[in-house]
Structure formats: C-alpha cells, structure tokens
Amino acid sequence: MDKAARMEWLIQRVAREFKTGDVVNLGIGMPVKVANALPDGITIILQSENGFLGLGPSPQEGQEDPDVVNAGGKYSTILPGGSCFDSALSFTIIRGGHVDATVLGALQVDEEGNLANWMIPGKMVPGMGGAMDLVVGARRVIVAMEHTAKNGSSKVLKRCSLPLTAARQVNLIVTDMGVMEVTPQGLALQEMAPGVTFEEIQAVTKAKLL
Amino acid sequence: MVEQIPLEAAVNKIEDGMTVMVGGFIGSGAPDQILELLAQRGIKDLTLIANDTGILGDALSQLIVNRCLRKVIASHIGTNPETGKQMLAGELEVQLVPQGTLVEQIRSAGAGLGGFLTPTGVATIVEEGKQKIRIDDKEYLLELPLGADVALLRAYKADPAGNLVYRRAARNFNPVMATAAKTVIAQVEKIVPLGEIDPDEVMTPGIFVHYLVQARPKGVAQHG
Amino acid sequence: MDKAARMEWLIQRVAREFKTGDVVNLGIGMPVKVANALPDGITIILQSENGFLGLGPSPQEGQEDPDVVNAGGKYSTILPGGSCFDSALSFTIIRGGHVDATVLGALQVDEEGNLANWMIPGKMVPGMGGAMDLVVGARRVIVAMEHTAKNGSSKVLKRCSLPLTAARQVNLIVTDMGVMEVTPQGLALQEMAPGVTFEEIQAVTKAKLL
Amino acid sequence: MVEQIPLEAAVNKIEDGMTVMVGGFIGSGAPDQILELLAQRGIKDLTLIANDTGILGDALSQLIVNRCLRKVIASHIGTNPETGKQMLAGELEVQLVPQGTLVEQIRSAGAGLGGFLTPTGVATIVEEGKQKIRIDDKEYLLELPLGADVALLRAYKADPAGNLVYRRAARNFNPVMATAAKTVIAQVEKIVPLGEIDPDEVMTPGIFVHYLVQARPKGVAQHG
C-alpha cells in the first residue's frame, strides 16, 4: 500500500472503534474523514468543544451559518437532536467523563500512554486548547497519527521527550502502520496495516511491541 | 443598570493597562466591531484573557498586530501566527492555559470561589508553581480565579434590561465572562422590547451587563 | 407606638436602604412587605434564590403557575425583563458579589457583625438553606428583626452564643426599636424608632451602642 | 442512549442502599410521580441528596415519612418537620449543607473536578473536618465533589435524543444533577419529535440522560 492508502486504512480503522450512541470528540482535521468512514448502522454523537453536540457534515455552499463553526473554526452544521451550550458546560462534558472517546493527533506517544501533542519548545507553541482536558477526561483516548515524523524518526517511543499533554491517559494508538493498545506491560500490537510486517513496524517503534 | 451606548463610547471605557476578557472562539462570538475600533485607537498594555488570539486578519488579531497587549492568557494561539512570533521574540508575554481550566478559572472569579481542583495539567508543565492536592489517591492542581476589569462580549439579542441571548456556537466563553468582570460590555445584533425575551430563554441575566452596543449592520462603514 | 406600628416602621426603614437598580435578595417573609414599601421612584430587582430574577408580587387568584414559586415555596410572578436559571448560576449571583443587598431575619446578631439565624442546637434545626452563601456573598447584609426575643431577652449581643451563619458579615441592623450600623468600633446607633429613647434601646441591647 | 420507559420501570432502576439525587426546590421541579411510587414500594436505606426534603404531604416527603432513607444531604429540612423529628430522635442521619455549596459539590462531581474553595461556612460549624486554604489573605473551605448512583429529575419537555427543557423556577437543581449521576432518569411533561427543540433551547443535553418517563396527566390515577 502507498502512503495515501495507509492513511485511508487508518481512518477506516479508527472509525471501527465506536458503537452507536458513543459521544466522541474528534481532533481538528479528523472529524469529517472519520465520521464519513463509520461502518453502516453505527451512529455516534460528535461533540464540538467550542460548544455543541450533534456536529454534522460541512454545510453546502451558500448554506454557511457564521455562528455554526467547529472547534477548528470551519463552517459546520448541527444535526437534529443537537444542543448548544457555553464553554463551562462543554468542559463539564469533556473533563467530567461524559465523552466516550476522543481521537487526537500526536507529536509523540509512549509505552506508558504518555502523550505529547501541543508544543515543541522554542519552535512551535500553538497552545493546548482543549486537548489536555480531553485527554484527561475522555473515557477512551485514541491517538491517530502517522507512525513516523517527516524525517523518518519514530513517534512511538519508550518515553516522550517533548512536554507532555497528559501522563498515562492514552488507551489506543492507531497509525498508518498498525494498532497498538497501551497495557500495563507496554504496547500490545493488535493489528498491522495490510502489507506491513512485524519487523517493519518494530523497526520504526522505539518501544518494544508485545 | 444597563445603558445603551454607541460603539465609540464603549471603546472609551477601556483604558491602557486594563485586563480585558474577550468572548469568542476563533472569531465566532467575538465582539468584532468593538475590537476593531479598539485596535485602531492605539490602546496599550492590555492584558487579554480569551480562548485564542483570533485568526490573523480578524478583529481580535488586530490587537496583537497593532501591539496593544502586554500579556495574553489564552488556551490556543496557533490560528494567529503573529502572537507566537511576538512571544518567541520576547515581545509579548503569553500564558497558555488548558481551555477547560481557563473557563473554570473565569467562572470561579464570577462565582466568588477561591479556586478549584482539576486533574487537567497534572504531570505537565502546566503544574509548575501550582499547589497539588491529593483527594482519594488522585492528584489535582489547585487553579485560582481569574477576573478582569472589562469583559467584551457578543450576543445575538438583548432587551433593555440587559438580558442576553447567544446563538449556536457563538455562545462559548461569553456567558461565563459576563460574570467575572467589573464592567461588562456586550455588542448585540439586535435589541428587542422588554418582555419579548422569555425568562427561560435568557442565557445571561441583565444584572451582569453594564453596557449594550447595537452592532452596525454588516456592509456599513464601521465608523468615521 | 405599639408593636404593630413599630414593625411597620421597621419595614419602611428597610425599604429606604435601596437605590434604583439594586439587586436585592429578601429573606422568607420579608419580600412582599418590603417590596410594597419602596419609596416612590425606586425600582429594585429581586432575586429569588431558587432560580430567577425579577420576582414580582403574588399572583391573582386563579393565575397561579405551579412552576413560579419563590424561595419560600409560595406562588409568585416574574416581572417583564426577568430571567430564570439553575441553582448553580443562582449561587454564582449570590456568592459572586452580584447581589447588592440581602435582608435576613436573625436569632442573634452581635457588635462584630456576626450572625446566627439557622439553628438552635438540639431544638430547631431547619438548615441554613441559602443563608450562609447570601450573607457571605451579598455586598451589603441587612439584618431585620424584632429587637428582643419572645421572652424579652436581647437579640443584639456582644457575642452570639448560637452557632453562626457567618462571621463579621452584617453591615446594618434594623429592628423595631432602631437602626444600628456595624463599625470596627462597635454598633453605631443611627436612628431610633419614633418614641424610643436611647435608654430604652440600650437597656435591651447587650452590646454598647455608640 | 436514551430510552423511554414506563413509570414502574423507572422506579425499578432504584435499589436499596443507593445514593439518589432528586431535583426540585420545595416541590417545584421535583419528579413527583417517580417519588410517590418509589415511597410506596418500600425502598430502603437510600442516601438522599436534594435541596430539601419536601413539604410534609408532598411526594418527596413520603420517602421520609415511609422511612426509606438512611441519610439525607440537604440545605434545608424545615418544610418537612418529619425529617427534623427523625433526626433529633437519632433515627435518620442528616447532613446540612449550605445551598450554594451543595449545588457546587454536585457540579464538581459532574465536571470532573476534585473540589473547590468557597468562603461560605468559614467560622461556622460547617467548617468542621474540612481543609482550610488561604488564598490572598482570605480563608476558604475545600469542599469535595458529590455524585450519586441515580438522579431523578423533572423537566417540562424532552425530545427522543433526551434533550431536556425546564420551565421557570422548576429548573433549580435539575440541570446540575443531570451531570453527576451514573443513571439519570427524567420525568417529563411531554416528549416532542426530534428536531422540535431548538439546539439553543436545550438546557440539559441528551447525552446526560438515560431514561425518560412520560408523566401521567394530572387527575389520572398514578398507577395500579
């Protein structure tokens, strides 16, 4: 598989992690793709941390409502049965354990379930936004990312070296190469992308895969 | 008691060096007309409390571009690269706060609380300098209240009693900020007669609001 | 003046403590009387701690709405411009300093501004309800009560002996005999009810009146 | 996922010994039909978390009269003398909590906070056994979160997604309790079709609600 096909596999794989009725918060960039990839018959409720439940698809051209944008600032829609609220209630939902799963990207993740995804000191400091609350509060934290950085270095480590977003909160790591569960013993490889061998994925993983 | 004032009068309430809360989330629900005029007026040394610093080019971002700020307290500055540039150059102090902690700190100030315990930020650099308290074997950070001199809000509609109704995702930080500033100014799309907003529809009771500014219709020159 | 006339004087006197626009929470039993006694041209906003602003007069018979009751559980009305909210926001208003004045009854009050109004150990324990938050949070705390208990003993003391509602929060004491301001030096007598002499009020006050 | 169930099924969700939150304020906004049937069923050893214990004769008060409770956590019990009687006789444990502290404790549990600092209760018997923390020369009590097994709420209307809208002063503790219990059951006056409740009108998002019980019209026998 080429890179694009592997990324498509990743999206499909993440989309299989949910059951009907799950309240899910999808990181910036993920929503549309994962939501479109849900298996038939599965309906989830998307939370948008800026203040609503029932995040729907992008609006048709000409139907944009300036007051309906997602957490990335992009025009969005609210599905029937959705609800709007202020940021205090939004984070009551997030931090209070009312989100069943969140899917986020990462700069680094490690075998303890530590996550670094919000800053590179002296370089990139966009801020953590709602990520720290999401990772601490969601019942299940799924990291979805490319397995390696642009320079080929592993993003799945024994210990994160960048400033953490949260410690020991990641449950599942889905990359373009495979699926790893964070267990007390370390990273348990659950599945590999089609055509990827154990040797290939272990070679670009700094932690030992169980 | 709420007073309806023109845009210019609202901007004049804000003085150099003040701490100013601004509602909105990447532009949605931000009081753009107040912010634009404020940035043009050359105000200085503000401390800004907001979720973010806008998208480069929008009203809020002008406060950073025009160097009106001394300090920013926000959860995210990635959508306005000018903020990060000034921060890395040492020209602007930026304090990054987890979004849920930020809104809760503001709420604490408005609710007369001395602070709260949150699990967010434990074992990260966010915990630096903060008291850690263990409750039932779980660690929490003690986060303190965060109030302001002025809150600048945006609402969809208001009545003469100052009651505010927000629309869709434009609500975000606005109702919480309304509780936590000495002076609260709301830019509103429309002001309806007293009694037209049902008591159950009100999202911010009028007692929190000091000044209402009727927004100018889009496409009409902002001022001058 | 007889007792009834003195109590009427008390109500009138309390009603003169407000200016237009003040947000006021009136203890159970007080609302209607004080609200009706406001001087001409003065309009205040009454907060009902169960969850609304704009508390109005009692409804006319047949106009009762079971969902519109005051904090005493009595049928009430909401004036135009009023608003409803949950208990969390109600106490944000109360504890956060957004109530300009509260008027409460008392079992005891003392020269330090300490207040006891919620229990008599082993006997009467109705609970504090919202009183502890109100007394701590309101910008101005006015105690309105009969100067003496039914047995003739003083309710204005040097130190409260009953369990406190809050320490050092009372600003003004209005009784059927006079008006006392709580100052760092003690209780400053501001005014006496018509016909009451200094000797009479001091005789039934355990604290020294300044 | 929200499910519409009959009154009897709702009552069956509650088991002896559970901690149960009940919305309402001296009867207003209390889920009376659920409470009445619950009291009749002879449930035992509940811990009740509520603003008050009702007015003697109303639905909530029956839980006390019928001795269904082991413990009460409330801000006020004066309107139901039976509660005070059982308390003074040592037959019922009663913990009295300032109303603003009570609602904030419930909110803390729902919001994933470890507690909060309040000035309320300082220098009173409420502070007994609690940690005191000084912030900027002011003393606060550290109050801890308060959650429950079940929350029994009452709302004016709901939709099939479980979104709730309350009416007037009947809102009170209901929306906060909705966030703080493992199982949330709402007695509602009416259930309207999906999409009929505007997203801005929703007071409790449906994700908090597990079961909806359509209230029987007044004047119709409660059960049997």
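Letters are used for the chains, namely A, B, C and D, taken in the order the chains are written, and counting of residues starts over at 1 for each.
What we mean here is this: a residue touches a chain if its C-beta (ideal position, glycine included) is under 8 Å from a C-beta of that chain, and two chains touch if they have at least 3 such contacts.
Please read all numbers here as calculations on a predicted model, not as lab measurements.
Novice: From chain C, which chain is the farthest off, judged by mean CA positions?
Specialist: A
Novice: Suppose each chain is reduced to the average of its Cα coordinates; what separation in Å results between chain A and chain B?
Specialist: Whole-Å distance between the two chain centres: 28.
Novice: CA centre of chain A versus CA centre of chain C: separation in Å?
Specialist: Computed from C-alpha means, the inter-chain centre distance equals 54 Å.
Novice: Roughly how many whole angstrom separate the Cα centroids of chain B and chain C?
Specialist: Taking the average C-alpha coordinate of chain B and of chain C, the gap between them is 35 Å.
Novice: Identify all positions of chain A at which a residue touches two or more other chains, and write them in rising order.
Specialist: In chain A, the residues touching two or more other chains are 52, 78, 84-85, 91, 94-95, 136-137.
Novice: Can you pull out the residues of chain D that are in contact with at least two other chains?
Specialist: Within chain D, residues 104, 107, 111-113, 118-119, 166-168, 171, 199-200 contact more than one other chain.
Novice: Let me make sure I understand the interfaces: which chain pairs count as touching?
Specialist: All touching pairs, sorted by chain label, are A-B, A-D, B-C, B-D, C-D.
Novice: Would you tell me which residues of chain C are touching chain D in their complex?
Specialist: 48-52, 65-73, 76, 78, 84-88, 90-91, 94-95, 122, 124-133, 136-137, 163-168
Novice: Touching residues of chain D toward chain A in the complex: what are they?
Specialist: On the chain D side, the touching residues are 1, 107, 109-113, 159-161, 163, 179, 194-195, 199-200, 202, 205-208.
Novice: Going by the contact rule set out above, which residues of chain A touch chain D in the complex?
Specialist: 20-21, 23, 45, 52-54, 78, 80-85, 89, 91-98, 136-137
Novice: Inside the complex, what are the residues of chain B that reach chain D?
Specialist: 104, 108, 111-119, 133, 135, 138, 140, 142, 144, 165-168, 171, 199-201
Novice: Per the contact definition, I'd like the list of chain D residues that touch chain C in the complex.
Specialist: 25-29, 51-52, 55, 74-79, 84, 87-88, 94, 96, 98-101, 103-104, 107, 118-126, 156, 166-176, 203
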